[in-house]
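Each structure below appears as structure tokens.
In what comes next, chain A is part of two complexes: it sits with chain B in the first one and with chain C in the second one.
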Partner chain A sequence: MTTVRIDAHRLHYTPLNQKIRAAIADGATEIIIDNVLGQRFIGDGVRGDGVTITVNGVPGGDLGMFMSGPTIIVNGNADHAPGNTMDKGKVIIYGSAGDAVAHSMRGGRVYVRDNIGYRGGIHMKQYMEKRPILVVGGSARAFLGEYMAGGLLIVLGLTGITPISERGVGSGIHGGEILVRGPVDGLHLGVGAKQTPATEEQKVMIKPIIEDFAKQFGLDPAPLLASDYTRISPASARPFANKYTWE
Partner chain B sequence: MCGIIGVIDRNRQLMDGGKIRDSLAMMDERGSGEGAGYVAYGIYPDYKDYYALHVFFDNIRENKVPLDNLLEKWGTIVHDEQIKTYEQPNIRKVHTPWRYFFRPDRSLMPKSTTPDEDIVTHLVMKVNAEKNGALIFSSGKNLGVFKAAGWPEDVANFYRIEDYKGYLWLAHNRYPTNTSGWWGGAHPFNLLNWSVVHNGEITSYGTNRRYIESYGYKCTMYTDTEVVAYLVDLLVRKHGLSEKLAVRALAPPFWEEIDRMPPKEQELNRAIRLTYGPALMNGPFAICVANENALVGFTDRIKLRPLVSGESGDRLYISSEEAAIRRIDPDVENISMPKAGEPVIGRVYS
Partner chain C sequence: MSIGSTPLKFKVSIDPDRCMSCGRCIENCSYGVYRKEGDDIRINSRNCVACHRCLAFCPRDAIDIEEKPNDYRSHPLWTREVREAIFNQAKTGRIILAGMGNALPYPVIFDRLVLDACQVTNPSIDPLREPMELRTYLGKKPSSLTLKQLPDGEVELITKLTPNLQIETPIMIGHMSYGAISLNAQTALAKAVSRIGTFMGTGEGGLHESLYPYQKNMIVQVASGRFGVDINYLERGAAIEIKIGQGAKPGIGGHLPGEKVCADVSCTRMIPEGSDAISPAPHHDIYSIEDLKQLVRGLKEATEWKKPVFVKIAAVHNSAAIAAGIARSSADAVVIDGFRGGTGAAPRVFRDHVGIPVEAAVASVDAKLRQQGIRHKVSIIASGGIRESADVAKIICLGADAVYIGTSALVAMGCRVCGTCYQGNCAWGIATQKPELVKRLDPETNSVQVENLIHGWTLELAELMGAAGINSIESLRGNRDRLRGYMLDEGLMEVLDVKTVGA
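Moving on, here comes the complex of A and B:
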């Protein structure tokens, strides 16, 4: 295993990403970036299974955008849209993240230990074997899963806050599913979303994901697996059919 | 997309502008080099009882004498001087910034209960609407706006912002989208002691503008943000609303949310929405508003622009990005994201 350390103090994201890409091209499997503060686009479009990029600090927006393969670990909070249109790999955030987490994500996993902002999982999609997953340890703000077209969102409510306490969850959802630990107030559902208690089969489906999340953050998975979940899914495949078209 | 940062020291300890510049410059990607600006409160202690008017002159020789005459007609110019600037390769000095310390003559507005403020507001509106080569872009006491068309660091260095020390700062990095960038269109926008920085766009600008102009304010800057400064002046200074209720009027809860409130709260929120319907701001925005006592940050009701707050001792920070706050204060605590439409407020202790 080859480790490369990069000091990002006052380094713009362009040279920073050049260094990351050069390190991967040279065969590095572990890249540790120190003193990250506000640099956007870290690890965007990088490829390479088995590469781990550790970000020490608070990165800027669009972390791991278009990324295909590597794992990014953030020791700090992330800004807007980590995992934006990510294709494959993992983004693991030891902290909270901003708005539009996992925006348009198409594959891989994003794990956020604490809370996320507004519009988490907006327009997430899936195709064939590509099924993106976002797991949030704490809570999510309004418009979670807005216009969601595929994939899976899980919100666990571990930070002592109600996992969902704001409006518009699944507004315009037409694919994929959202699983929330505990009950969800029907008032918070968006247009086009419906909720049902998660079945045993559905809980079995998320079991390995929860176990992996718990292992990642050193949590006991047992109470998470023993909990009841609410499943939010599309009420129809075309929630706005009557709004835009006439048939 | 724009970048904003605001900080208040609730114990009125002064901070120089150097770190504010570094913080704003970190968000260069949020701008396009067509406008940046800073406002600092507490910078003119020697002249704190006078209105500090900051003016852009197109041409000193032609435009200054008429303004001097106008100010002398309405009061006394206690002191005036050119605002020191330092040549920057990326800034074309198309205006000459000037400062006046001005004392209005109250006897000239005998019917007003707030004659000083009304005279200064009248002068700002009149001068800026006439467009005779002078633009008053800052008009409060013991505070000053410093702005220009350029990148955050260039504008800061143009004014040597680190030479100013204030207990409350706002800064803004502009990405003009609907109108072109120019010196007057850079933020912060200011009237009297109100200053505003804004990321986003106010799609209800037409309605808001008609409403505010019916009260005698004139919109002259070719951009939406100035209505926020005038709306806050109207709601808080003239109508006596608290900052919290003013934000409620500008970004009110949805009707269905009001329907679910307890009766008393329902009544209040209905009254605010009905009274201030034309002041409601639509569209994506994150805004910081300040006066000499407080810093207020809030977003639109469905949170289409980012806003993060953090605290450190007596200081409250509000910004578009957490990293920008950490650039000023790496040990900042209580980082949080204000709820959509709900203000985060920092107030001086006394």
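Moving on, here comes the complex of A and C:
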């Protein structure tokens, strides 16, 4: 395993990404970036299966945007839209993240240990074997999973805050599913979303994901697996089907 | 139903003296107007949309199509269209979905602008014997150049230039997605642009594998649904266009109905077959001009600053201020899509009532960017209702660098502007995904027709320039002195910055 260390102190994101790309091209599998302070677009459009990029500090927005392959581990919080339109790979955040986490993500996984902001998982979509997964350890703000077209979103509520306590969850959802640990007040659901208690099969489906998440952050998976979950899914695959008449 | 039937939109008749009962009308009509009963061809005029497919393929010119065969009591306010929209909504309670561009009879500014020509004092130029420079570079231009003289007398350019797109004529084909139009239609357009040396847009539908050979002439689009967008797609395009809005439906998103998401469309858009493809109204990672800058830079960073990034907005009241923000965002071009822009499907109320004409929007954007000293930071691409070469010349005089055409290119492939693209039944194989209809459109012959159209316009543009004593498109751009307003009001002439005829 080849390790490359990059000092991001006072380094603009473009030369920082150039260093990351160069390291991957040279065969590095472990890239550690120290002193990250608000640099946006880290790992943007970067390819590299089996590459791990460790970010020490607080990255700026659009972390891992369009990324295809690498795993990014953030030792700190992240700004808005980590995993934006991400294709493949993992973003693991040891902290909280801002708005639009996993926006339009089409594949790979985003794990956030603590809380996320507004519009988490908005317009995530899936195709064939590509099924994006967003797991939030803590809670999510309003408009979670809006326009969701595919993928899986899990909110665990481990930070002592009700996992879902704001409105607009799953507005316009037409694919994919949201699983929330514990009950969800029906008032918080958006137009086009419905909720049902998660079945045993659905809990079996999320079991390996929960275990992986727990292992990543050193949590005990047992109470998470023993809990009841609420499943939020599309009321219809065609939420706009009855909106129009032909001229 | 207490409203009963509404009057026919079209009445189809067959002249029995001319008809030879060959049945080509039955074969060609995809809307179910014709059927055979015994030896007779029967007609159901109610299904007719006037796409003229039957007319075009009737060997005897035996078919007549009459529009509005029944009169309403005429009324200047309560038009037929208004009354029929009320009938429709009284029956359904829904939003009326329509196709093609704005269908209200607003005055056309292009038709109230006239071009100049030289007489005596400044000789006109004959493009046959003088070179005419129509080549255009789209993208950022440096505000100044730093040069270094080398000891051997050569000069080295120190200023770092930004990638530009080189087009051989200022006419490109706008974004019409695979899904909105067929793959054969896209293929015909792709073949045409690659032969001409210009570009076409993919629309928000991804790039089908079979179009990869033409990718260096494709501008890939990133819209709010992010369909078909991954790093490979971004890297394939010659440029990337962020679609913020569309002239036919400013301010709203788009819904490609599940019926149009066939296996191939599904694979290109990267969504499951049969699922609705919903593009939200805004990009949910862009809630401000600063966020737009972030996406522009995000795309540039993903493609290592090798590709120009365009931003397309619908022409609206404050386009100029928005364009000034775009010019400062690192974007390389701003596309202004006027309210006459076409669409496969848009709510009628938006198509007909929202947005402003491209002529006024381009003129005000150009003026604003010049006032702020940032015109060189972006090219201006005009689209929405460009019908002929004169429109191209006029919009360039008003400040555009190039145009996108959409409907004109479709008309070159047979489209009759029937405006029912949303039905997915296009008899010409353009706005449909039905295999039996798509195969009617031969990509090769249609590409020649599109190429011919752009070639013809380019020749006319050179002639218009020559007549005006101009031998380079650069000298036409923003050259309002060569335009005059004919019967335009003073306020509009001020916006366009043109004088009246006679002045």
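By definition in this document, the second predicted complex is superposed on the first by the 241 of 247 C-alpha atoms of A that agree within 3 Å, B and C clash if a C-alpha of one lies under 4 Å from a C-alpha of the other, contacts with A are read in each partner's own complex, and residues count from 1 in each chain.
FYI, a residue touches a chain if its C-beta (ideal position, glycine included) is under 8 Å from a C-beta of that chain, and two chains touch if they have at least 3 such contacts.
Being a predicted model, the structure only gives us computed values, none of them experimental.
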State whether chain B or chain C is in contact with more residues of chain A in the superposed arrangement.
C
Could you tell me if A:191 is touching chain B, chain C, both of them or neither one (first, second, both, neither)?
neither
With both complexes overlaid on chain A, does A:204 touch chain B (first), chain C (second), both or neither?
neither
When the two structures are overlaid on chain A, which partner does A:22 contact: first (chain B), second (chain C), both, or neither?
neither
Of the two partner chains, chain B (first) and chain C (second), which one does A:166 touch, if any: first, second, both, or neither?
first
With both complexes overlaid on chain A, does A:77 touch chain B (first), chain C (second), both or neither?
first
Taking the superposition on A as described, I'd like to know which of chain B and chain C A:58 touches: first, second, both or neither.
first
Does the superposition put A:242 against chain B (first), chain C (second), both, or neither?
second
A:38 contacts which: chain B (first), chain C (second), both, neither?
first
Let me check the overlay on chain A: which residues of chain A are in contact with chain B and also with chain C?
40, 61, 80, 119
Quick check on the complex: what are the chain C residues that touch chain A?
85, 88-89, 91-92, 94-99, 224-226, 229-231, 234, 255, 257-258, 266-267, 270-272, 275-276, 278, 280, 284-285, 294, 297-298, 301-305, 347-348, 419-420, 422-423
Spell out the residues on chain A that touch chain C in their complex, using ranges where they run on.
13-14, 17-18, 21, 40-41, 44-45, 47, 61-62, 65-68, 80-81, 84-85, 87, 100, 103-104, 106, 119, 122-123, 125-127, 130, 146-147, 149-150, 172, 174-175, 237-247
Listed in rising order, the residues of chain B that touch chain A in the complex are 26-27, 29, 257, 260, 302-303, 306, 308, 321-324, 326-327, 335, 337, 339-340
In the complex, go through chain A and note every residue touching chain B.
37-38, 40, 58-61, 77, 79-80, 96, 98-99, 117-119, 141-143, 166-168, 187
